[in-house]
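Look at the two complexes coming up: chain A is in both, with chain B in one and chain C in the other.
Coming up: the complex of A and B.
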């Protein structure tokens, strides 16, 4: 019998170009934000989620370095890395630590320092999320993989580029209401005209921005006065690249991990009313929603309502998503959980709809659905 | 005449510019390297001046100085100091200023050196000259800002890095065409753009060159000047900022609250590229070519590394009679021959015959 796992506190800093802050300084700042609301942080384990501190910060064993910097000793430290999905993978690992009874309290920190080096270096490191020998070597970057998927999606389902562009517009509008978002500005319907092509047909405004960030959550086996409970958590993988799959336009790892999380939570999909998804590139947003079953294949662009940022009565990415909140790689999944926590127990209500008594889910993945993680949260009762 | 703010001051006796005849359209650079046209459009640079194979900072500096001395109406022997602000010295060791001085006929009893501070060394030379003139150490000082700026082929910098320069004779405000009534500097250690010893091309921190470097330093320098003088933005008729591209000056102007119409007359980079030490100073030249007596100009050069200066300059009556003593900047901008990328890489010695 596993134990129940709660999130007692969460904090995050604004995603930005933090030129004056290192991995350590970013991590510390996220803890400070959390401490403003919650003082009793006494972890038995520190789990750090970070995608590439080796390449971006010349640091191995980051979890140990950060724990020491925070003045935390005599505890268990781990770094979790599963590419872009590292954040939710770290939540899953931390969940296991508590559920198994190994420890009672875990401090999870997602941190990434991306903008220190030249864009060419950043892109080279980011491209390592793909199979380096099979894709990276031949110049297939995550952006070019996304562009091939976009082309196929448009051709098979008969969409124009302009029809898909409503996603970035909605995300930018949502980000304006999110205090920790990186791109807090609106874009116009034809903004893509001035946006350079990064990999035809995708333009800069179809991709997430590079930014530094850190987010932290404190998890334990006790709900305390107020907490969110992790009701379900699931994970699955697939062929590492999309083109080696039966259907590149459907991410099975998402369907499977979502099914697993729903079964664990003992609920069906209809009960979810808030969702944060991994929209690293415009076409992925629609494919994720379809793979989670919120729309039939090829239907998400029609079903997604930009006015309410919702699909099938589920509000999606009120944070602005990876597109506009930002995507500091290993920290992103922790940002998503922070946002769920804020909606459920933190009093964050960006659109005037109280969702604090509902079910919220965070979906994270690496690349084009190579690995997927999904967590379902609800206010503890 | 406009009442001037108090303080030790100097004036501009004469001004000159030089732009090489060759032009390369930036669309040609974009074509060669496969840049999307939106990248080119966003920078607002149409074409850039390319120094010929026999032109360098010294020849450019000499040409601009010749025009400045012609307008100043003084004998070269009256010049007691000559400073060359450049980041493309033809000799790593050996001053450019001495060569230019000798070619202009400036006698040996003079101060003379090259200054380096990325794009703002000549601006600092101007402040040094104000001090030399105001203290009566020298009667006139020649300030030259000239560059044949380098950019790694294919780098975004290649759209802007160009060749050209400006020169000013600084002397007593009494004889001047424009009084420099006040100036202010703001300098920090900010590594936004650099070229290591022995490296042919500079490196830069991409967007880091913007917010914490260009914008922060110019804004602080301008605010410092306004505070020091008690002047306000509406007191200025023209504003000239450093022009790494066409976009940044308009953006920093907007942040400071300067209307576009006060910035546009001093814009040069869209038509010549960024001449580095010549950049903001050529903007000042363009204003000196057209502004009415009594006009007040805010000049704010910037150099990576990083620093910015702010000057308040007031045009005097006698400017009208000096203007046509040498070619105006627009004459030099419009005197042009288009070349292709192949000629450009040859002229700028990016390809060499073995």
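Coming up: the complex of A and C.
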């Protein structure tokens, strides 16, 4: 019999080019933001999610260094790394620590510094998420894989680039209402015209921005006065690259992890009101929604409503998503959980729709659905 | 940034850099690249590794401008999705062609090219890229 797991507090800092802040400083700041709402933090374990502190900060064993700096000693310390999906993988690992009864309280910190290096070096590090004996070796960057998938998607389902571009426009509009988003500005319908091509047809405005960030959540076996409960959590993996799979335009790892999380929560998909998804590149947003079953294959661009940022009665990425909130790699999944927490119990209501009594889900993945993690949360009752 | 390629690593990768080894599932017939010890489609462990002739068709392509620092000297890169004649897909760099002449469905062949140069005193790594097929295929296993 596993135990129930709650999120008692969460905090995050603005995603930005924090040239003046180290990994330690970012982590500390995220905890200070959390403590504004919750003072009694006494973790028995610290789990740090970070994708590439070795390459970006020349730091191995980041979790130990951060825990020590924060004055958190004589406890269990781990770092979780699953590429871009590290954040939700860290939530899953922390969930397991508590559900199993090994510990009662875990502090999870997602932290990443990306803007330490010039863009080409950031791309070199980011490209390490691909198989280094294949994609990395031949310079097949994640953006080029996303572009290939975009072209295959457009050709199979008959969409123009302009038709898909409503996603970034919507994400930028959402980010304006999100205090911790990196790109808090609107873009016009034809903004792509002036946006540099990163890998044709995808432009800079189709990709997440490079930024530094940190977010923290405090998890425990007790709900306390107010908390969100992790009702379900699922994960699955697939062939690491998209084109060795039978169908590169449907991410099975997402379907499987969502099914697992829904079964664990004991609900069906229709009950989900709010969703944060891993839209690292425009085409992925649609494929994710289709792989989760919120639209038939090839239908998500038609079904997604930019006016309400919703699909099939589910609000999606009110944070602005990876596209405009930002994507500080290993911290991103923790930002998503922070946003769910804010919607459910933190009083954040960016569009004037009260979702505090609903079900919310966060979806994270590495690469093009190579590994996926999904968590379903609800206000504890 | 000085990147130092590892001589043992590049030596060890010779089968990947100089040949295209793919896997074929004896159980369901599915073919995939790179090889794994179980089938990507049916998970059977009864797979055999084979060597491609390196001839194929360009299914899709993209021109990559935002390249890794490792490939800055050759930017922009043409990245192709290639369907090899044996029946599997792989990504690869496409060379010897002006981007405006690229066509989906064009025939391509693997060719050995310089992949990267590690500074002025480091290793020069060669590997396979794809060029428009010129109609004459050299060598036994690309």
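Operating definition for what follows: the second predicted complex is superposed on the first by the 381 of 381 C-alpha atoms of A that agree within 3 Å, B and C clash if a C-alpha of one lies under 4 Å from a C-alpha of the other, contacts with A are read in each partner's own complex, and residues count from 1 in each chain.
In this text, a residue touches a chain if its C-beta (ideal position, glycine included) is under 8 Å from a C-beta of that chain, and two chains touch if they have at least 3 such contacts.
What you see is a predicted model; the values in this text were computed from it and never measured.
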Do chain B and chain C fit side by side on chain A in the superposed arrangement, or is it a clash?
fit
Pick one for A:123: touches chain B only (first), chain C only (second), both, or neither.
second
In this superposition, which partner touches a larger number of chain A residues, chain B or chain C?
C
If we overlay the two complexes on their shared chain A, which of chain B and chain C does A:151 touch? Say first, second, both or neither.
second
According to the stated criteria, A:17 is in contact with first (chain B), second (chain C), both, or neither; which is it?
first
Can A:160 be said to touch chain B (first), chain C (second), both, or neither?
neither
Thinking of the overlay built on chain A, is A:196 touched by chain B (first), by chain C (second), by both, or by neither?
both
Computed vertex angle (chain A) for partners chain B and chain C, CA, steps of 10°
80
After overlaying the two complexes, what is the shortest C-alpha distance between chain B and chain C, in Å?
6
Let me check the overlay on chain A: which residues of chain A are in contact with chain B and also with chain C?
118-119, 196-197
In the complex, go through chain A and note every residue touching chain C.
117-121, 123-124, 127, 131, 133-135, 137-141, 143-145, 147-148, 151-152, 155, 196-202, 239, 241, 243-246
In the complex, chain B touches chain A at residues 36, 38-39, 41-42, 203, 205-208, 211-212
Residue numbers of chain A touching chain B in their complex, please.
17, 19, 118-119, 193-197
Please name which positions on chain C make contact with chain A in the complex.
1, 13, 16-17, 30, 32-34, 36, 40-41, 60-72, 74, 77, 79, 81, 88-93, 115, 127, 129
